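Attaching a single structure in structure tokens format; questions to follow.
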Amino acid sequence: MRGGFLFPRTESGRASLLPAPPWFYSGEMLTIEYEAAPGAVASLLPPPLAPVADRPDAVAAIWAEWQCCSASGGELLDPVRAQYKECLLVVRCRYQGRDWSRCVFIWVDSDASLVRGHFQGYPKKLGEIWMTRPALIGTAGPKLARGGTFGATVAAGSRRLMEARFTISGEAESPGFVNAHPMLHHRLMPRIEADGGDALHEIVSAASSDVELGPAYVGDATLGVFASPTEELETLAPARMLGGFWRRVGFTFRRGRTLATGAQG
Amino acid sequence: MRGGFLFPRTESGRASLLPAPPWFYSGEMLTIEYEAAPGAVASLLPPPLAPVADRPDAVAAIWAEWQCCSASGGELLDPVRAQYKECLLVVRCRYQGRDWSRCVFIWVDSDASLVRGHFQGYPKKLGEIWMTRPALIGTAGPKLARGGTFGATVAAGSRRLMEARFTISGEAESPGFVNAHPMLHHRLMPRIEADGGDALHEIVSAASSDVELGPAYVGDATLGVFASPTEELETLAPARMLGGFWRRVGFTFRRGRTLATGAQG
Amino acid sequence: MRGGFLFPRTESGRASLLPAPPWFYSGEMLTIEYEAAPGAVASLLPPPLAPVADRPDAVAAIWAEWQCCSASGGELLDPVRAQYKECLLVVRCRYQGRDWSRCVFIWVDSDASLVRGHFQGYPKKLGEIWMTRPALIGTAGPKLARGGTFGATVAAGSRRLMEARFTISGEAESPGFVNAHPMLHHRLMPRIEADGGDALHEIVSAASSDVELGPAYVGDATLGVFASPTEELETLAPARMLGGFWRRVGFTFRRGRTLATGAQG
Amino acid sequence: MRGGFLFPRTESGRASLLPAPPWFYSGEMLTIEYEAAPGAVASLLPPPLAPVADRPDAVAAIWAEWQCCSASGGELLDPVRAQYKECLLVVRCRYQGRDWSRCVFIWVDSDASLVRGHFQGYPKKLGEIWMTRPALIGTAGPKLARGGTFGATVAAGSRRLMEARFTISGEAESPGFVNAHPMLHHRLMPRIEADGGDALHEIVSAASSDVELGPAYVGDATLGVFASPTEELETLAPARMLGGFWRRVGFTFRRGRTLATGAQG
């Protein structure tokens, strides 16, 4: 045993910022799909990644609220360690002859989630994420039914970055095409020499397993994207809204696969 | 119009920290009932409030996660303004010939909730509250079924104050007797002269209306109470656990009633 | 003894959200003075408060970072209880034949400060406040010298509300006239009946004692004010900048004085 | 240009979670030195790192409050991006024939600092850090003089992890020997296959440059270490206190050096 999955590594491994996978997730996702300006997605894809042929500028803006645990399940009894929210922008790309989904910007609100993401290749930053919950009782929230309206926001650095609104029009089978492929991410860490090279530079893929999907409530959505000196969300501002959907999701992350390694992938 | 329900008051009233009631709540509550040491509850009741005759030292430790809005519903579309969590300790007392519930300690995690509580007579402080959510999909959480186990914690001032664990043994009709009465609270504000007197010193009561209760999942519970130089939770440490229950709750707060006013109530 | 200065009141008084005054403050203040549009300040003054004759629309936007303790000094050894930041907008008004300073909007980042403010009549909300610190060593910060440039921001509800910039041009004697008078505030609490009346409605004044002022570094300033559905800062947007100053300040709050009481003051 | 120093990488590099070094720091440090139980430090050193010969179980518990910027200095004008606090435990080790300092546990309160640390090999987690500031004016704080007493705490996961107290007895030349060497850290990232191997596993060293040290106020210190299911601080609990010191520090981080690479260093 090498003393824990991640740092700080100790004899027992107990202090590791992350337990080893598998990691189990149960939560709620609001997905808003739209098309950005022509070429917007391509401008965010490093070669040899290329845009997909069909609707190359499609983007999914996703808000999610999760409960997450490792095999021990211990996090569930101390829920400060299990619960977090995130907001991410997902696009599609072409690599090695197939289509992939790829997260280009993402904010989360816990260190475990932040670093779990860095392990998986998500470019996670910390942010403040809020999304309306459906009212399962009482009147302080939308019903999961036609007309139910949800809001969602993300902020970082004392600035609101995005806000969305979604209104249910009905239920539908398997909605969503942007976040529907296995994920393709870069994992990278610059050399400590800070000389322009990377000590870790990989292209990795990963797919969820044991996926459980609740009913999908589809509808119309709006998305506002605001300027920030430390973000580039203008690049992915909506040019044409496609729609949105809300549903409960459960899944397991077990491992990914290294597709390429090397200084420039 | 006087410029908003609460400060800061302006012509439009828009900046008021609180909108006027009614306030609508939808959420989830974990209630843990137990008996503290003999005389513990009485020691927290200012005269003329007196302990109840039956099980006078019964306490309810409650964790709740809410979505809350005013009549406009605008908070629901900007959920940073609608969602919060709280943890509170409730006891019973006798006043004017009847039994009341009374919150003696409470922590919340938003300013709207904090000050709404001060308006209602809850002695709210800010804290960090966490409670396990049931897994409605996937495996990262307890099921709402026999054996489902939940954790809950509250911290303030960089210290954990309480932690609880609850395991479902079944469903039951109307469980809980400690938090079952209308609330009886003091509202108070010391004189600006800081001379030992209060400018506001009232006894008020309030009851929820439009109450909707989901199924009650009952079970066994434990509660740990930790020392803090700015709290007095030792006073209410459990001597004998009674049990716990989890359920969804919806209700409306419309108004309360002033029962007594004056320098010492 | 009545069990603590503020709620929750107990036999020992230890759990009180606030210790009794006196309260001691040591900190750093950035003050930016400007004039808002004609009539802006008057529109925020409830009768019988009236605008002052000279420069009636002058406003001070203030950022401050404090360490604060009570007579015991215990907070200083557990600094989570002693340190906080705040941002406030101060105007002047005329009442009972003299001029006063008055805080019309304010955000702080601790519950002790929030409720201490409510006791004093400040309309405090929670917010996220940041202000550049001078570099007393090294190069990561402005020097307290000509050319030193400071930034300051305040956010609430996941939105940036204001941002300021200040550049030192020199030192000066007693700069600042807006926040230079004793404070005049309303203290108010609506009736629990939520019937449009207040149970507490007072006009109070207070002045700091034992004031210590460090050297005042004066200079030029800019201030940006952003829209929010729960604020009214547009009302006080700058029409003409006057200047700014930064200095260290120490003072004591001992008590205030009640100038008027009653349903409408 | 490869699109930014760290992820997310874009054409402009503007969205990068970190700007490229150099990074400039100005701040205040409280250092408490003590000896842990015999063998405690050795148990935290992965081979081939070995304990030092002289006082092998010496530890430095450090609290620091920083303002930090990159070459552009832009962070200083938007201080939410520049300011953070941290608490760390530093030990010494022997490697390649010389002595090094090494951080074994550390908590910070911003994502930029967290990930900057991961780049440098610090095993950073998020935490809530507080340290008393000296009172440069007024009375709400210790003076930088004999008898001045400071407190410091760190919490994570809603639990207090450590608390310290330090009282100045005088000034002294170059105090402190534990954190006095260049740093020796592991940088690591598990393989995405989660197969027990690391994709990045390096031993790196780094030293600060342009170090500026203010006067060192030395004195006596205490340190309390508390249990947590996700930490192993008991391992480094104090057996014998050595003393403490407080001073202002400025420095620059430019780059480090890779000393070894490979699956097990």
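A, B, C and D label the chains in the order they appear, each numbered from 1.
Basically, a residue touches a chain if its C-beta (ideal position, glycine included) is under 8 Å from a C-beta of that chain, and two chains touch if they have at least 3 such contacts.
Quick caveat: nothing in here was measured; it's all calculated off a predicted structure.
Note: the chain lying farthest from subunit D is B, by mean C-alpha position.
With centres set at the average Cα position, the gap from subunit A to subunit C is 40 Å. Put simply, the C-alpha centre of subunit A and that of subunit D have 30 angstrom between them.
One simple way to say how far apart two chains are is to compare their mean CA positions; for subunit A and subunit B this gives 35 Å.
Of all residues in subunit B, those touching 2 or more other chains are 78, 80, 128, 130, 153, 158, listed in ascending order.
Chain-to-chain contact here is organised exhaustively, every possible pair of chains being in touch. Contact residues on subunit D toward subunit A in their complex (touch as defined above): 2-3, 5-12, 14-15, 17, 20-21, 43-44, 46, 74, 78, 80-81, 104-105, 110-111, 114-115, 118-121, 123, 125-126, 157-158, 186-196, 199-200, 202, 204, 206, 229-232, 235, 254-258, 261, 264. Within the complex formed with subunit C, the residues of subunit D that make contact are 24-27, 66-69, 76-80, 82-83, 128, 130-133, 135-142, 149-153, 163, 165, 210, 212-214, 248-252.
If you check the complex, the residues on subunit B that touch subunit D are 128, 130, 153-155, 158-160.
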